[in-house]
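Input: structures, listed below.
Next come two complexes, and both contain chain A; in the first it sits with chain B, in the second with chain C.
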Partner chain A sequence: MKRGWIWKGVLILSLLWLPGCGFKDIDRRFFVMAIGIDKSNHANKPYHVTLKLAIPFTKIQPGKTNAYQLVSDDGSTITEAVRHMKSKVDKELDFSQAKIIVIGKAMSAEILQKGTLDWFLRRRDIQSAAYMALGDPTAEDVLNVKTGSERFPGDSLFLSFDQDGTESSFIATEYLFDFHRRVTEKGLDPYMPVIRPMDSAYLIDRVAVFDKKRLKAILSPEETRIFNALTTDFQHFDIETKSKTLQFAIAVQHFKYTYTIDPSAPALHMNIRIVGESEESTETLYKQPWSYYERLAERQSQTRYMHLLQKLQALQVDPVGFGLRYRATRYQRDKDWTAWEAMYPKLTFHAKVQIRIKSSGGIK
Partner chain B sequence: MKPFHLQAAVPGLEPSSDLVSRTLNVNQESAQLIYLSTLCDKQYIQSSIMQAFDACGNLAEFNAKLTMIAGFERIKNGNLQAEKLLHGFALVVFPDAICAIEAKKASLAKPSETSSESIIQGPQKAFSEDLEQNVQIIRTRYPSKNLNVEYTEIGTESRTQLAILYDKAKVDPDILLDLDKRLAGVEAAVVQASNQVQMLLTSRFEFFPTALVTDRPDRTALSLSKGKVILLLNGTPFSINLPAVFYDFMVSMDDAYQSPWLTRPLLILRYMAVFITTALPALYVAAVSYNPEFFQTQLAIEIAGSRAAVPYASFYEVFFMLFMTEALTEASIRLPKHIGSTATTVGGLILGQAAQEAGLVSSIMIIIASSVAVSNFVIPINTMSYSMRLIKFPLVICAMYFGLVGVVTGIFCFIVYAASLRSFGRPYLKLFIGEAKKSR
Partner chain C sequence: MSRYFFYLMCVSMLIHTILFIPRVLIDERFDGAIPSLFIGPVIGCVLMVVFTRSMQQFKGKGLPEIAAMFLPKAAAVPLMLVFGLVTMTSGCLIWIHCAFIMSKYLNPDMAIYVLLSLFVIVTCFGALQSTKTVLFSLEIILILSVPLLLTLLVHSIFSENMNYDAVKAMIDYSWIMPSWKSVSASSYTFAGYIGLAVFNREFKDGKPIRFLWLIPFLGLGLMLASFFIPIGYLGTAGIDDYIYTWVSTIDAIRMKYVFIERVISVYLLILLMMTYVFTMITWHLGSQVIGSCFRSYDPQTAAWRSKLPSLVICVVIGIGTVLAGSRINEIMLFQAVSSWMIFHLPFDAAFVMIVFIWSKSKRRIQQ
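What follows is the complex of A and B.
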């Protein structure tokens, strides 16, 4: 009897040398930093999946510790490609740090299909707060860039999109969860920032707008800034104003817009209020009263807003969510949506911009 | 005149070299003076008993004179004689009566500096090792007419004197009854330390202490004013305060003496330290081996990089470092003070550095091990900090098998356990909202 207890004790103690089943040490895992999806050349294996794997370092040094390993594979689904990729690496793939998903330009229509986007949403370890971006020309080209200031692979991309690092009015940030919502929501259309690799750097200054089926257009950098202000209430941009005799810039400190939809006309009235500080000017801003410069800037930015709104209307996309607002405020089961679909192409836009120059900057 | 029989006068007493027995003769009558020279003050015996004897013409007169001496007792019957001798009384045996006169040597014990619970600005002296002196200290600090002192003995062999102090107006009689019952149930032979008494009165196998042992007279006086019962054991500079709840162990006396702007954040810091000292090693194992998504990207890469040199699983690393820090703590307590600092330097600095460079442990693990050790010392009461040292090991085992879920479940189990504890009938995790105001 006593002997039995000793054996049981030894057995329990021997368990202390063994871990549980899900146990896998951090150094036996390969952290996937970025996922790239491209179109392959094979018809039966359309998905060309590229993963950027981080090689761990003890001491992080900018520009030196961003070594990475790029693995890619073709598959009829993303799952198949990733499964097969596991046989190409020596450690377990860990998607928990994959904070960016880059879609190749050629793949842009496929990502809108429910099944493809589902893979990212259903996997437990991919964060819903991962960034979405369009890679131009391909996602693999974007992932294969090594910038000189990176602390770890993919760091530059993460910093570009979270507002932690650079805050640029040209960079539109799109999250996986928001993208998914825009793909499914009536009256709110998806968009994605476009990343273009430039030898050891990225250029992110355009945005691609989609309807529910395919990529419709890529906006110019100037349009992207206005787009950013309208979709995400981005506050830190500036307004350039040019006339024959004068050119000046206003750095925006406060930006706010409201709009109302008038279905009888049909028209959309937008009120934009901007408070800013003049930053750079070709002449002293005391020759005329400030209201003169304000009116000048208002007129010019008004045309820019009108231009973008009309362009989006012509493309039949609605990333700002006018349709969603219409549905929310005039609920009539399915009728409101058909009414809006008929109304949107005929809508006239009235953008009214109010700019107030708060100061002419500091004097040193 | 019949010869004196020591055995007859003091039944049960074995002859000993320090036993002094002298016959005092007057008018053909004789009395016997008996005392233990090691316990009694000879000078005092000379100045009180002998002088009284010198001035008397017969024994009856001497007997009457003795009653005037302070600390006089008449032993009527029973076998109390040996008892009195052992407690520093001198016996004067008359043919028809036995008198006992207290002639104990003045204690040499002095209150020392508080060592186990020091604070910067506040009372600096601790209790002494002498019971009478300790009672005197408390009476001075808590001069209440309601203060009640009772003496009893604990330990079948050691018969150590134990004083029970309480404020009669504030104490809960249920606690006194409970205490009496528990004291009656103590069967230990030799009782010498307050922690031992605490263990004997509460359950031996409890994870958390349910009575508070302190060497601070000010904490003891505060406890009295809150209606707690204080036990003082002869020969130890500590008081036992009961009942005690978990929050008592997290409070330093500084909290009552300083501005709340300072003490409240410090209190929060202590609870954070408790969390770190118990859960950090387990969280490390869980996060490194099960849930690396817990880390920020840069940290994950750095930890993976520093772990890459370590050839075995994360929990071996944790057990190795925890063993080292525990051994170091234990060594620095046992070692003489002069060698203690050498041990910590060699063990902590050199060995830690070398282990990391040799790739036995990762650099992150060194930080974790030292923060676990340092956080442990933040807990004000020693017995609680011992409990917290213990708890981290089951949590690491939980983390080993079940990851983060295991750690959370483990912590939950300990909280449930603490909630189920009772300290002399009082819930262990009870909150005392608003009560702190009175002690300010």
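What follows is the complex of A and C.
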């Protein structure tokens, strides 16, 4: 019994350790919701860092509780800018909720240099699963948007990128860890969605493709949808088909593609299988056998796929990962990679699209 | 009782596959880490089978009692000392490693020596329990944490962010002579059998352990997962930039429909529990084996006096851990880990051989 008290005493004494940790209370913290990096006008302080800080509310109401404070600063490194920013705010900056990183368009070349990405990966509190996006014209403009439907600052952006809220075929999603993987991997090139602010909303319908050194091009919305389907197996898009007499749209239910690379030709054979149902049509779809509409849609989407593949090839970028697949399916280590580098510009693409219409929707 | 043997093996497999081995193997991923994933289990399992068979010759006896049967005290004491210290050091290394991760990701405001001393105090209490209680707490903690860990593993295998092309690209590098370090590291996955040196006291029925053949497959599966999932997530080249491979991999996983979106916090807690239970086992082993050199030591009673040697040993090692942990930096830690990886395999093999020879000579004596 007596010994029991000794143990209890030791346990109680061990509580003395607890106040020793430098823990800051939640109302002494500023939660950073989004980080923006722009190019500044000063040559010796190239980074213009903007942070979107959430102002806490007791009760959440859409459109009312998304007040935020925007702080920004220039620095020769991101660290320096953030350090100096701490003197502008009254609470401790907490990055653990920062789910999106917006890079200004002018900064796009620098992001691929190791130094810029480095800060995000080295900081332990920034999650690797944070979203990456390119801000057009600047990251600060993107962060400075307040939408009417937000429950907390930055909420709309998060909802657009994880496929929880809107599921748009125009929105490409890119994560920080994936971006780093693509920057370093041979045969897989990085990309980023482009966010453009519009008075009190965002428009995210383009994607920027990079090679390992710089921004190569920004794809058009139409190309972005095809791009999304190829890179992320995005399932919920639709196919518009136009001919002289009719115009109809197919909502895709199932999408799958496979490809093989034939090094002797050199050629890439892609088989795309799509199952969907008609969503809109200018005429009744019971006039012709469905195979007629299917062939029509196939022919048109085939040219779209071919167009995108050839465009990516002309830009010498490979965001789909053809090169990595080539490395994965051949067994000669580095020789595969040099062979692929020589082969990719000469590659001819053969995309074969198979569309099956399951239903014409609610009416004929 | 054979399920307790499985727990011992499982805890060592899990702790090594998530903490040590990815780092060592991924550093050598282009220089023969993949064949070592297959050679390691062979070596590890041969040692495991030999050791368990030999220990089962001595029903309900721990290593100290067996050594006393065959060796004079002057030879047994240094042997026990070496064995105990080596086992406890592996626990220390893991605690320091875990404390580094915790202080970086979970509690950056706390000094590492405070963190480590809190960990060490709890581990000392755990290690001083009776052998049976240690086994029971091992079971409870494993049952609590393994399902969560498995969920994470399954989720990461089937996630669309896992790039299987990168995994396949690594297969090109499977016909390369592996280095000693990587073979030794991957055989370390199976080091849990060493626990039998003391826990054999509770294995009194002498029945052969069933389903022993399952262990190599379990270990191989875990090792393949722990090697290839980080590569699939972080890329064949990109993975080189990360230090704590698995922590970074888990950080890249987002589970939308689980109560915590950023699963890294769940993972770190599991890691903490696993590390605690592993260190508890190794320190229990070490303190029991070294404690047996003292006259007052008696595993049968729970009296204060008989536990004193073990307590002193745990406290000394604990203080050593805290001192070491607060003095070294990450580079030194990784160097220590990789030299440990080189050192442990010959040690384990020699130790298993000694016990094997004893079990043979016991049979000869009986005949």
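Everything below uses one rule, namely that the second predicted complex is superposed on the first by the 343 of 364 C-alpha atoms of A that agree within 3 Å, B and C clash if a C-alpha of one lies under 4 Å from a C-alpha of the other, contacts with A are read in each partner's own complex, and residues count from 1 in each chain.
Everything that follows uses one rule, which is that contacts are C-beta pairs under 8 Å (C-beta built on N, C-alpha and C of every residue); 3 or more make two chains touch, one makes a residue touch a chain.
This structure is a prediction, so every number in the text was calculated from the model and none was measured.
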| request: Once the structures are superposed on A, label A:M306 by its partner contacts, choosing first (chain B), second (chain C), both or neither. | output: neither
| query | In the superposed arrangement, which partner chain does A:F177 touch: chain B (first), chain C (second), both, or neither? | reply | second
| Which partner does A:F152 contact after superposing on A: first (chain B), second (chain C), both, neither? | first
| message | With both complexes overlaid on chain A, does A:A251 touch chain B (first), chain C (second), both or neither? | response | neither
| Partner chain(s) touched by A:A267 [first = chain B, second = chain C, both, neither] | neither
| request: Please determine whether it is chain B or chain C that touches the greater number of chain A residues. | output: C
| request: State whether A:L285 touches chain B only (first), chain C only (second), both chains, or neither. | output: neither
| query | After superposition on the shared chain, which partner residues are touched by A:Q332: those of chain B (first), chain C (second), both, or neither? | reply | second
| note | chain B and chain C footprints on chain A meet at residues 20, 22-24, 96, 125, 127
| query | What residues on chain C touch chain A, complex-wise? | reply | 104-105, 107-111, 114, 118, 121, 160-161, 163-169, 171-173, 233-238, 240-242, 248, 251-254, 256, 262, 264, 304
| task | Write out the stretch or stretches of chain A touching chain C in their complex. | result | 3, 14, 17, 20-24, 96, 121, 124-125, 127-129, 162, 164, 175, 177-178, 180-186, 188, 232-233, 321, 324-325, 327-333, 336
| query | Any idea which chain B residues touch chain A in the complex? | reply | 288-293, 297-298, 300-310, 313-315, 363, 397, 400-403, 406
| note | Per the touch rule above, chain A residues touching chain B in the complex are 16, 19-20, 22-27, 29, 31, 33, 54, 56-60, 65, 94, 96-97, 99, 125, 127, 151-152, 154-155, 158
